[in-house]
């Protein structure tokens, strides 16, 4: 029960994912009229699988980029931008949705994600999240951020939820 | 006969190639009006060599992107998008074309490519196809997906076809 | 006093940062009508932190690209382009602003940055600044140029300034 | 005379550089109306240094891309596209310009560059030119193609020309 899949005994109901560096590689292309950034086909597939299995997804960003809205529309996920204090924001959100931290999986890559990563039932980071120590998170992806990392974490969440369901059956 | 080039005794007549992560690196650039992605000049040369030597090419994708059509036009290859069940799709396709799995080379990088990779006469994956075990495929490229991996596999197919032809001559 | 944070006893008041290869990865996209390049969200956050803590930022480039101006506007920093002799330019700039080299942190990646790197109170380079020996700089980032390297150097500057302030208090 | 800088006793007067994979990283972005690719600021500086020191530059490509012309205009270099047989093309070009192979530096990355690489007085390849054995070329860059590799080779050419000049003085 406290092995590879951690001590989580609640099913994950919500994935909170930082956009910059997690769903994208953090690179933003600057053009005369607008900005542009890239996503990876694998990550879109991972998000679709989560939603098909009843896990909600909330995308957050410390920045405020028009293009983040395009990305959230594409992924059909809720989006909250300009989040300066992530811990405060998430706690308010969970209260509204009547969810506990144990039901949250958090995917982050910056220092200011650490408090949320520590509180969440499941926590993950892309392999190139330099600022985060491996001890903070229960899952580290093999792919870098924006290039399949989120798809790996999504697969991991679904595996944990399955284990959790079969353990509750016993 | 069962050495480096596997047990294939039929000439490859069709290459089936996954677009996302194989012909492209999987990154899609999101812009206000349309999407964009990149190909590598080397891979275009590899595809041209295959067709010059009588090997047909079919591009497939689990997604449905307008830009994939542009890419297929550029490469002058057939394209099938939105393929959710790859095994079913390929089996129907082979029946129509009166081809056997032994005459197919399959280049894939995702878990849902595994069944096709196991059935194909030749199977390959880019070196960064993290989800696939090396045991599933007979060929792994040195270049990552979207950056020359397909050109390496195309060269390998032509080499196998040559060996096959000279062996039949004996 | 001469340990990890070097011998710097003055607070850093100005960061001078080379754009190509430091704030960007040096890649410029060529299009029919204009050029485009990318920045990393992390570096923008690093620059914002510096300014919030009273460190001015000056961006310089040996080239003259319209897009560099867009980038400087986005980062709300001063910009000087077309700088062929960096040492001469910086010395004139410091005289005007009545700053000493000890109050300057310099982030560069090319051979023609070396003289400035040697003079500056703090000096840094991205890990992929191939031409520079590690001996020239006091700080080397873990991230490559244009992908978070500047954010790491900004954090380092703020840490040095804190140490410096607490040492002055004694 | 046969040490690190090879046996070259003639000054290099012409650099011939393959575009795809050498001056660019080979990636071409596909868009509705046109294509786009990127160059690195460092490589532009390297080309400018060569021309300032009297070395001519000829860019060649096996493909025929509208964007290659934009790139050649930007670099102010001659361009020849759609070159299927590189050896034949270069030999004709050298005859017209009354140059010998010993006066040529060739920078390539594909198998069909090998004959030219063997003939040229100086030969170089980017570190990610997978298909080429290190034995074919006298110089391998530390940076990958399209990301500073050409600038490194340009520096090497100028160093060889200096050695050559000082050796002729003796």
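We call the chains A, B, C and D, going by the order they appear; numbering starts again at 1 in every chain.
What we mean here is this: contacts are C-beta pairs under 8 Å (C-beta built on N, C-alpha and C of every residue); 3 or more make two chains touch, one makes a residue touch a chain.
Just so you know, these numbers come straight off a predicted model, no measurement behind them.
Steps from chain A to chain D, minimised over paths through touching chains, total 2.
Across the assembly, the mean Cα position most removed from that of chain B is the one of C.
The rotation relating chain A to chain C, fitted on Cα atoms, amounts to 90°, rounded to the nearest 5. Here the spacing of chain C and chain D, counted between their Cα centres, is 32 Å. Touching two or more other chains at once are residues 29 of chain D.
Listed by chain label, the pairs that touch are A-B, A-C, B-D, C-D. The part of chain B that touches chain D in the complex is made up of residues 29, 34, 36-42, 44-45, 67, 70-71, 74, 142-143, 146-148, 152.
Considering their complex, residues 20-21, 25-32, 62-63, 110, 128, 130 of chain D touch chain B.
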